[in-house]
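Here you go, one structure.
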Amino acid sequence: MRLDELARVAKDLHDAFLEKPVLELRGHALPDQQRVVAFIHELRATLFPSYFGTFRGEGDDLTCLMEQLGDLFWAATRLIHDTVSHRCPAPCHDGCEAFRESARRAAEFVGKLPRIRQALAMDIQAAHEGDPAARDHDEVILAYPGLFAIMVYRLAHELHLQGVRLIPRIMTEYAHSITGIDIHPGARIGHSFFIDHGTGVVIGETCEIGNNVKIYQGVTLGALSIPRDEQGNLVRDGKRHPTIEDDVVIYAGATILGGETVIGRGSVIGGNVWLIESVPPGSKVLNRPTIEMR
Amino acid sequence: MRLDELARVAKDLHDAFLEKPVLELRGHALPDQQRVVAFIHELRATLFPSYFGTFRGEGDDLTCLMEQLGDLFWAATRLIHDTVSHRCPAPCHDGCEAFRESARRAAEFVGKLPRIRQALAMDIQAAHEGDPAARDHDEVILAYPGLFAIMVYRLAHELHLQGVRLIPRIMTEYAHSITGIDIHPGARIGHSFFIDHGTGVVIGETCEIGNNVKIYQGVTLGALSIPRDEQGNLVRDGKRHPTIEDDVVIYAGATILGGETVIGRGSVIGGNVWLIESVPPGSKVLNRPTIEMR
Amino acid sequence: MRLDELARVAKDLHDAFLEKPVLELRGHALPDQQRVVAFIHELRATLFPSYFGTFRGEGDDLTCLMEQLGDLFWAATRLIHDTVSHRCPAPCHDGCEAFRESARRAAEFVGKLPRIRQALAMDIQAAHEGDPAARDHDEVILAYPGLFAIMVYRLAHELHLQGVRLIPRIMTEYAHSITGIDIHPGARIGHSFFIDHGTGVVIGETCEIGNNVKIYQGVTLGALSIPRDEQGNLVRDGKRHPTIEDDVVIYAGATILGGETVIGRGSVIGGNVWLIESVPPGSKVLNRPTIEMR
Amino acid sequence: MRLDELARVAKDLHDAFLEKPVLELRGHALPDQQRVVAFIHELRATLFPSYFGTFRGEGDDLTCLMEQLGDLFWAATRLIHDTVSHRCPAPCHDGCEAFRESARRAAEFVGKLPRIRQALAMDIQAAHEGDPAARDHDEVILAYPGLFAIMVYRLAHELHLQGVRLIPRIMTEYAHSITGIDIHPGARIGHSFFIDHGTGVVIGETCEIGNNVKIYQGVTLGALSIPRDEQGNLVRDGKRHPTIEDDVVIYAGATILGGETVIGRGSVIGGNVWLIESVPPGSKVLNRPTIEMR
Amino acid sequence: MRLDELARVAKDLHDAFLEKPVLELRGHALPDQQRVVAFIHELRATLFPSYFGTFRGEGDDLTCLMEQLGDLFWAATRLIHDTVSHRCPAPCHDGCEAFRESARRAAEFVGKLPRIRQALAMDIQAAHEGDPAARDHDEVILAYPGLFAIMVYRLAHELHLQGVRLIPRIMTEYAHSITGIDIHPGARIGHSFFIDHGTGVVIGETCEIGNNVKIYQGVTLGALSIPRDEQGNLVRDGKRHPTIEDDVVIYAGATILGGETVIGRGSVIGGNVWLIESVPPGSKVLNRPTIEMR
Amino acid sequence: MRLDELARVAKDLHDAFLEKPVLELRGHALPDQQRVVAFIHELRATLFPSYFGTFRGEGDDLTCLMEQLGDLFWAATRLIHDTVSHRCPAPCHDGCEAFRESARRAAEFVGKLPRIRQALAMDIQAAHEGDPAARDHDEVILAYPGLFAIMVYRLAHELHLQGVRLIPRIMTEYAHSITGIDIHPGARIGHSFFIDHGTGVVIGETCEIGNNVKIYQGVTLGALSIPRDEQGNLVRDGKRHPTIEDDVVIYAGATILGGETVIGRGSVIGGNVWLIESVPPGSKVLNRPTIEMR
């Protein structure tokens, strides 16, 4: 291409930048996906020593753990600070307030890791008990996409609770791209959760899921419809996704919609079922196939 | 393994190469996936400066844009030339015709980037308006797989229109592997298109989609059946996939098949609906659940 | 974080490790995913020279093949040995038995590559004949996720038959994460197998699939229910997934469950069909849509 | 470290930045070493196809060359533009003058590559003729650090002649770090130049070296002393380094200093000789060893 | 190779391991060179923001600095702890003492960075003033190997003062491999130090160098001889290398040896001079060439 | 640049390729430097387990060693085969002779590794005894460039003895670029060899060095002059470099030249000495400094 052609395309592209308000100049870099992914993998290596990453010393050596946790604390601080500060109009000369706040949140997050590890141990147990093809815990940890998606969700959810924006979403979207399982970091999920196969699973922002719940591939826990206010704008708050009580099993391809929909404790929802209303505890909802043979 | 064992396996494998006509020697390398992926990411960094890639100068500096566009022009030329020339029987000594043609197509493609950027701005707007969970444009750009799949489609479609083969398919299959959204580069899609969650979406080669269309995860816009000619060969041409008019919403898991199927403007297609015939504008097609409680 | 805070978190995290029996110290490293992925790509470059990887010499040069096969043999030996030995209580000073056994299995595996290549040639042929959008074999090899998933399955299945654990599962889960197609390495699949689009496909551990079978995205060949023995433990053995005879086509989203379910030769299963019982050869099972227009 | 300790160190470090005038904020990125190194390797792959880099098509295929040259042109344009523009006070909205100038210089540079290739062919010939240990041209190209240093010098010198700053210096310092041979891009060197072993060679900015010159490791062609002007500042211009006429050989460790020092055509300078004045053509200057045996 | 051949070689190699006491099993990993190199580059990016590494926010933003310093603190802690603990017989369950000590040293080190930055600013100034070929400070920072070697030395020296072993040596050997300048971390060097070209410079462990010293390539400041004690073992302590007072210039190839050798303030040592005794302040020591012309 | 300009440059560059006989088309790739470097690092990790590379199992586990040796065997086979076959006019259909020969040489090479390891243990011992600054064996292994250069030489020399060309030279040139120590793979060197600092050391192709020799930086063991035959061609064979007998020490910067020069057992050669004739056993050759004080 000749320089004048390039100049014309550059001018047009630049005009396109201005036309629509999607570009904003910033003093700080946004958190980029690559760093967030590295953060996830460092977290996984800390939570599951000897399974992932380079093996560093014995598992019962507390100093190794302290070093890794110290690293994680700073990685978290930087990521959180990038998010909270990237809209600041000017570099914060002595405005260490945002920084201190980021460090405080990062410390909270790191402090939650032992509890997250306990929850994941129960998820692993649930997977082993829920799938006859799972020979042992090693296989679940090394080869089950459901466990990876749940781990990333549990970590992202903790950041979400700390009021951190964007990073939890980038985290769960990374898990989504790897596993096909799309869990919003805002969802609330109990212990011993198991997702089998998982591709196509969607769990919306305001879902509440109890303990010992098991779901299969293609299950959607979504919104029924999107209300708008009087000005025609989306109503972005409010509970839009269903509640799943303890001990529920939802088979592949089932779709459960609506913020007021409650699946009662111990229910079983059959494959491909389409549910937009509540069912009482202990229900068995099956798809009555209407197929024809020719 | 001993050398004679290896020699025997090598002989058998080599015979397998010859047996079936899937290997052809070439003077040129095929475009490899790694280079195509790098091309996609360079395009994204040019279209969304400050969101992706290294930050190079201010956004309103035309010379940075010109340099990036010059780079993209040459990357496109090399990729296109690899595709058109890899079946040439001999190296083209002075046969610069294929090369000039490749450069011409690459220049056309680069010239279309401003328009593609405008279309993507409208897609971002549509995502923000269509999903209450989307807090702002930044989140859509950084964390929505649907936007990534649509961006790659819009770029690949432009190369498809230039008659470039293989590269557009490798591009959209990369987006497919990342997002679970499979859009054929031959499809025609209007502005303000939004795909939410997206895993399992399939949009076939001869689809036509209007403006302001919104679709959810698991939606298939596919072929009804595959006709064969009198010799039993597949008929590879003709419109095999449906037409979706403006302002249509298609909920999760719906399947719409057939080249003559037209979903009229403003229609709403419910989740898991199975549609193989046209519906008039303004239709609301819902799945009547046939579930039973036990 | 202050050191005493870190020490407390490290202590808690360490306690969490001990609490649940998911961590075991080992003398050997487990096979890590990165090495398994490198192994897959090296295998692909050997099976499809000139399509993938660096081009090394002419395709009809047996010595290049011998060198690549020799490399693959050692990579396979190391991977297999890591798996079989990682639970050994002590380093095996002269216990070369496990090593010799690993080398024997690796040699068996390498010896099967020519046959696997033949099977893949037939799969490519089937894809080209089964999809009007596939212009030639090159496009199938370079851009069809179904072919990638089947290739990884055929390689993993061979290791599974050799009694190798974990590695086949890591292999097929990698293909799952790239393609959304989840095939258990234990499944048995005939020649000329074609999966189109593929996202969401699940093929269970004890499935048996004949020749010339074609399936579309979202198809589940799964277990109907999970029996438990008298102690309440899962029964992990037995045939739990369906049998698909030759020449069957299964359209998108169909769910077929149960170890005793047999889809007779030449049947066509329609999209979104839910099948938990056998159908005779030549059946056409269609979903009778029960939609309502409003 | 506690946050307040970190804040104090950060404050001190920041003060150190301000104290000494070595930091300047810029609108543009400086050319970083990594990109310059990539540029060198891309140039080498273009000048020596089949020896370095991925093999792309036959050597007599002009279109491959055109594509590579087009890539190099843009890489050169970006590098040059970064250098000339990084001190600009503001982003150059329409000030494409600096950009056009960069592109013009890049085109000049690319246009010189054939001549540089010819010169390198003569350097290779000289190395083969000058070293009995060199078995063939391949060994010189693949394993002689002297050739690498001379190649980088010839490329950097051409940019230096175009008035480009910093990049030529980063280029020759990269060669220096790899080979131990430090040639300033400002030096002027004739054809058929050979450096053997090379570690410790220094060739200053204003050296002039004729044709068919051969030098060994540890040879310094340097400045005698550094004059200062009346204000005590260094006089940075003027010829400070020696002139070496055609057909001269300089053995290991010799030191030749001074801008007026001329080594006459055909001279031989012995190892470890220390020379600060001119010698006529045909001289043989030997170190008279003054060693003692004990 | 057949398995029995491999087994024999493995046996022999293993015996070789045992024969000589150079291998010791360890509970912890040694600090590997790759991590040390990454540490150096992270330090350089912190000391010279906008020259090296990714550009993160404005230079006068203290929070960015705090984040980087926090990262460096943890990287230093891990490196130091690996060194001190790699000979521990067992994993230190609650022996946090070594860890606390490592963290304390790391904090000391990070606290010294502002002072190191000030010293480097003076080194840069000295280089610019000492070399007429240096056009500005940017060129010194980006392209002078001497500055890189001095920077690494100043950082390594600080760790050496903290009693850290191995890491400082790995650091300066990395600089040695890049620049050909070999400075032992134990040497003591004043401000405004300049090394020009530098290949072959050796500065020994017990050297003392004053302020405003300038040295050229090939200068050795070494040990005269190595005394042994009565048992014939090396005496590893004591001052073995010379003292260079302020304002001394040492030209290329000069060799100065001996722990009692003192080069008096303001002296000039000529090229290739061989000095093993002290010279008073203000000396000019020149090599009287003893060459012969033939 | 416009396409016609590029075409002209490509034409000129292509003509330059043809003009000088330095480019030859090949059926096989030459061994590229990157693979050779990887080979060196894999060898080092095998010879020094727990010092370099990933830690794989205990050091006394023979099976780990067998696996690594098997990998090295194949890597060596491929490298050797590339070298011997890259001039073959055509792909060798059944000409497995060259391949078998390569495998045989690779097996010989691998079989020599235990002996090379023993030699290196003695070199490490010599370094520790020869340098008071070396605190322990770990420091020698991790931070002494001399040991690295000697290790690469010992490995390359073994390949050289097998008649392998190019690869040994690429290996020692890699060590040269890292350490500044240039040892030709053809040299013959006894046990317990120590090079201190090392930058600038040159050891020529036909050198013979006895046991317990120690040399310092800048020492050249080179050729005196290069004889030509009656046609004026270089005489490439014959002993051109000196012989150094056992227990000799050569201090920094000494130059010893000539194929007939023999340094007798137990001699000490002083720094910067220039020697072109033999000295008897037990000689002490010192540089008598001829400096003047002004």
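Note that the chains are named A, B, C, D, E and F in the order they appear, and that numbering of residues resets to 1 at the start of each chain.
Here, a contact is a pair of C-beta atoms (placed from the backbone, for glycine too) under 8 Å apart; a residue touches a chain by one contact, two chains touch by 3 or more.
Remember, predicted model here, so these are calculated numbers, not experimental data.
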- prompt: If you list every residue number at the subunit D and subunit E contact, are more than half found on both copies (same) or fewer than half (different)?
  reply: different
- request: Have a look at B-D versus A-B and report the one with more C-beta pairs in contact.
  value: A-B
- prompt: Hey, how far is the Cα centre of subunit E from the one of subunit F, in Å?
  reply: 26
Message: Roughly how far is subunit A from subunit D, centre to centre by C-alpha average, rounded to an integer in Å?
response: 52
Field: Shared interface positions of subunit D, touching two or more other chains
entry: 3, 7, 29, 54-55, 58, 60, 62-63, 66, 70, 73, 96, 180, 199-200, 218, 253, 272, 287, 290
- line: subunit E contacts subunit F in the complex at 1, 3, 5-7, 9-17, 19-26, 29-30, 32-33, 165-166, 169-170, 173, 176-177, 180, 182, 184, 186, 199-200, 202, 204-205, 218, 220, 222-223, 226, 234-237, 240, 253, 255, 257, 270, 272-275, 279, 283-288, 290
Message: Show me the residue ranges of subunit B that touch subunit F in the complex, using the header's touch definition.
response: 3, 7, 96, 100, 103
Message: Show me the residue ranges of subunit B that touch subunit D in the complex, using the header's touch definition.
response: 27-29, 54, 56-58, 60-63, 66-67, 70-71, 73-75, 77-78, 81, 85, 91-96, 98-99
Field: Residues of subunit C that touch subunit B when the two form their complex
entry: 46-52, 55, 58-60, 62-63, 65-66, 69-70, 73, 106-107, 110-111, 113-115, 117-118, 121-122, 124-125, 129-133, 135, 137-139, 141-145, 178-180, 197, 199-200, 216-218, 252-253, 271-272, 287, 289-294
